[in-house]
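Here chain A shows up in two complexes: once beside chain B, once beside chain C.
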Partner chain A sequence: MMAAVTGIGVVAPNGVGTETYWQAVLAGRSGIGPLTRFDARGYPVRIAGEVTGFDAAEHVPSRLRVQTDRWTHLAFTAAEMALSDAGADTDELPEYEMAVLTSSSSGGTEFGQYEIERLWSKGSRYVTAYQSIAWFYAATTGQLSIRHGMRGPCGVVCTEQAGGLDAAGRTCRLLESDGARFVLTGGTDASLCPYGVTAQAATGLISPSEEPERGYQPFASTASGYVPGEGGAILVVEQADAARERGAKHVYGLITGYAATFDPRPGTPDPEGGSRLRRAAQLALADAGLECGQVDVVFADASGDPERDRIEATTLREFFGPHGVPVTAPKTMTGRLYGGGAALDVATALLSIRDGVIPPTINVPALAPGCDLDLVRGEPREGPIRNALILARGYGGFNAALVVSGTE
Partner chain B sequence: MSAVRQERVPVITGIGVVAPGGVGTKAFWELLTAGRTATRAISLFDAGSFRSRIAAECDFDPAAEGLSPQEIRRMDRAAQFAVVAAREALTDSGLELAEIDPGLIGVSIGSAVGCTTGLEEEYVVLSDGGRRWLLDPSYAVPQLYGYMVPSTMAVEVAWACGAEGPVSLTSTGCTAGLDSMGHGAQLIREGSAEIVLAGATDAPLSPITVACFDAIRATSPNNADPESASRPFDLNRDGFVLGEGAAVMVLEEREAARRRGARGYAEISGFARRSNAFHMTGLKPDGREMAEAIRDALRQAGASAGDVDYINAHGSGTRQNDRHETAAFKRSLGERAREIPVSSIKSMIGHSLGAIGSIEIAASALALRHQVVPPTANLHTPDPECDLDYVPLTAREHAMDAVLSVGSGFGGFQSAMLLRRGETA
Partner chain C sequence: MSTFTLDDLAKLMRECGGEDQEGLCGDTLDVPFADLGYDSLALLEITTRIENRYSVSIPEDMATGMKTPREAIDYVNTLVHAA
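Now for the complex of A and B:
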């Protein structure tokens, strides 16, 4: 049994719609700019990757719009694109064999802030009935399940920024052993409201820079943290045989390997640093039945924090050898999208396989000492891509690795 | 398929519980078998302005439970519950963690609403009492982001047991505690981990949670009589009573547990989920999708309806749930549904959202161990639409080899898990 990706839907800061996004990425066009969703003067975060030009009213029926957060609006939109791309008629598929499994990082942050504000400023009677279904982490999965009549084994995984890979990896299990044949997976995020941004800044991992070109420079000598963003991707993943059976119009690629590990707790000696990140990569490649030499590109986690960058670079160098594999971080054009970030990386890797081109990393003028990688910078790099390794790390110590492969 | 599944069977070898009525597994089981209720007027905050002012609260002193001052500062109440429960489960299992490769230890925690209590408390400060939409970030505490992402609760449990294998949090609303156990069992089955700490936690007793359930009239307004307000399957039930707590269990592969001489409580023999794709909060009375989940869980376990000896019900005490669930039992088990005891421990410890699924698995495992079915408290007036044997008021000795536990939640999620007494019990 193989897990085939047959549909992709992208809502990203540098493009709503898969092809619009992909053209932006290949052109090195960034979606990072001044934070405009609220008056950010006085906030420690002044730039962000906002999904601009997205009007929920154009994409989400009003009945659903009022009972959901922006995070779910983005997911509704990406899911519709993915389903349409897959050319699937969900009415024709067995209801219990369709499922939804999304990654959620912080739920409906903005909706939740609004309702807590009403409670504390006006009183409990002003809290809307929709708070109970809009804010919680399962809102997106539940709404997608209802909207598309998917009655199979649904799920929600929370591993912060590793979540998109964990959701994709678990999707393979749904297809292999839980009776599913057609799964909507991926994730989105939209926490660029005052409370969301305040909480994100409390980690100390966000760059203090106010210049869009300087805020997120992973592996660079000038790395100073990251820029938060919103958006993500939803994918249709099917049993390869079932996809063929229903006459799926295209297969972007297969999910061939997955593994997750966790860092040693702080204070535990980890002399190698990143030993568990490497372990995740090893296990994922073994799961895919691949050797290091068969990996044509790595989509890095690319934290933007100098120490975490060094750990990842060292891990990649030791694993693949010096300059042993091209590495890229197109997320430098979107910022880090939390629950949606790794899902977008999976989509990007699949487009990379489809078109035989590695999208670039932008805004990295010079590599930091200890980050000597074959980082694809500035311009895309063409060449056949059979297998891509995607790495992601989540706040607190989550590591995940996913392998996607071409169909040949 | 079943031959492959039987190769690696997950078995529960340690249990830790933080529940209303007393911290620890012993206090928990005593409460359940005594049929006592731990529901009362809310004392954690001033609930005077709310429609429902009652809850099942934990009497929980983190310092007395062994948490350090830094752990107490860092963790939201829900994370504290999880870590205390995890430590009890590890002690109960008798595992020597130092002898185990940390890469083979996994964690699977469930939660419906994460660190909502901490999030609300900090919001009140940042907004200076809710006065401002634009907050003052200089008042942000370092752990604020840890409150915003529920995954930190899995991080805390991983740190408590030194796990370096697969670690995650599952957040499927009120089925999260069953789904996280199911995921933990899967990690053992497929060999991704040898040991998994699996469970769930929630501490939702804060103004915003109480307000949002008020808004949809899901919780009981029986403020005059808190002790008997949670009345699953009773004709006069009028909503669920919010609760809080956690249960974490040690899961091991059966052969490994046997080799080290561990005594298992129960094997996780089958687990399945379905979604109703109907409504975020509403249930159709036919119980169709829950019945489908039950059938699939039995099929995975190679069990038939006749093998089920007891059902630990979701039994939330809302009008629609108890009817929906009764229909699901009849639909999936046929006449067997009328022959076996069915009970809801929510009648005693309330509904702790995502946590309750794991707490109910702990209760089911203890029921198998002690061969005693916990009762449904407060069930005085049977509802003609709920016509099964709900074990009213008094615990019952009962021979059991297999227990079914089910959950149902917002989003339309329906989950079912089958536990067996097993060879190591």
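Now for the complex of A and C:
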């Protein structure tokens, strides 16, 4: 069974719409700026990748808007783009063979925060009934399932910033053995509210920088953490045969390999003496039936935390040899999008394959000692790309690796 | 205590997400809420807003038991006038 990606929808800080985003990424245009969604003075997070110019009223009917969080609004929009891109008429497909499997890192945080404020300031009778369905992790999946009549095996994956890869990987299982032929996957997140950023800042991984160019410099000698962002991507993934059968107009690529691992308890050594991230990459390549030399680009997790950067750089060096593979982190233009981040990386890798170009990493002037990677910096790099390896890590010990491949 | 009118209900329904829809009018008085696009959760939301604004109490089974705008208006008015 081959899992074919036939539709992509992107809502990102540097572009709403797949091609708008892709052009921005190739031009090295960042969507990171001052955090404006609330008065952030007094908070340890002052810059962010906000999806600006997105008015939910233009994209989401009011009946749905009032009962859902911004994170779901972004997903509604990306899903519509992806379905339209796939040229799929969901009315024509068997409803129990269509599924939705998204990634979510914090649910409807912003919606929840403002209802909790009403609870404490006015009383329980002023909390909207929609709180019950807006803020839990599965809300986006459920709303997409209802809206598009996709009643097959649905679910949500909550593995923090690794979620986009885990959702895509599990999507293959839905297609292989759970009776699905057509799946909406990927993920979005929108947790740039006081409650959201306070919870994120507690990890200590967010940069204290107030300068958009300096807040997220993975693998750099000046790395100081990351910048949070919102948005993500939704993908249509189908059984390749079924896609051909319904006359899908294009296939961006195939999901050919996936694996996930979990870190050992902090302070205890890795049972196999390497990193669990490395193990995930190894298993994903084995799943794809590929050798290291067949990987044309790595979309790195690119934490921005010096220690975590070093672990990833070591993993890549051990795995591919010194400067053995081009590495990139276009997320330096969006910030880290939590449940949406790895999903956006999958979309970006597929566009890379389509156009034969590796998008750049920005804002990395000099690599840190121990991070001497072939990092594609400043300008995009052209050349055929057959296989891309995507890595992602989620806070708390999640590691995931996904391989996407061209159809030729 | 003022009477609860069709306009009052229409305004609340708009606040609960109906702003894209055509306004509630005499013709839709007897159309079931479900057919107007309001599910049980939406009705719960509307009745909570009525309770807060008109200082009345609507039992939950009544909230979901009011099938049409006319039934809702009539029921709320019995409460408002009894208060």
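Keep in mind that, in the parts below, the second predicted complex is superposed on the first by the 403 of 408 C-alpha atoms of A that agree within 3 Å, B and C clash if a C-alpha of one lies under 4 Å from a C-alpha of the other, contacts with A are read in each partner's own complex, and residues count from 1 in each chain.
Throughout what follows, a residue touches a chain if its C-beta (ideal position, glycine included) is under 8 Å from a C-beta of that chain, and two chains touch if they have at least 3 such contacts.
Source: prediction; values computed, not measured.
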Inquiry  = After the alignment on chain A, I want to confirm one thing: do chain B and chain C clash, or do they fit together?
reply    = fit
Message = Per the contact definition in the header, classify A:T261: touching chain B only (first), chain C only (second), both, or neither.
response = first
Inquiry  = In the superposed model, which partner reaches more residues of chain A, chain B or chain C?
reply    = B
Query = Between chain B (first) and chain C (second), which, if any, makes contact with A:L192: first, second, both or neither?
reply = neither
Inquiry  = Just checking: does A:S105 make contact with chain B only, chain C only, both, or neither of them? Give me first, second, both or neither.
reply    = first
Query = With the C-alpha centre of chain A at the apex, what angle separates the C-alpha centres of chain B and chain C, reported to the nearest 10°?
reply = 60
Task = For A:P61, select first, second, both or neither according to whether it touches chain B, chain C, the two together, or no partner.
result = second
Ask   = Regarding the shared-chain residue A:A12, is it in contact with chain B (first), chain C (second), both, or neither?
value = neither
Inquiry  = By the touch definition at the top of the document, which applies to A:I133: first (chain B), second (chain C), both, or neither?
reply    = both
Note = Overlaying both structures gives a minimum C-alpha distance between chain B and chain C, in Å, of 5
Ask   = Which positions of chain A sit in both the chain B and the chain C interface?
value = 67, 128-129, 132-133
Interface residues, chain A side, partner chain B - complex = 38-39, 42-44, 67, 95-96, 99-100, 104-107, 109, 112-113, 115-117, 119-121, 123-124, 127-129, 131-133, 135-139, 141-143, 145-146, 148-160, 163, 166, 170, 173, 178-179, 191, 194-203, 259-266, 268, 276, 279, 394-398
Request  = Give every residue of chain A touching chain C within the complex, in rising order.
outcome  = 61-67, 125-126, 128-130, 132-133
Request  = Over in the complex, which chain B residues touch chain A? Could you list them?
outcome  = 49-51, 102-103, 107, 112-114, 119-120, 123-124, 126-127, 129-131, 133-137, 140-152, 154-155, 158-159, 162-173, 176, 179, 183, 186, 190, 192, 207-208, 210-216, 218, 272-281, 289, 292, 296, 409-413
Note = In the complex, chain C touches chain A at residues 16-21, 37, 41-42, 44-45, 48, 51-52
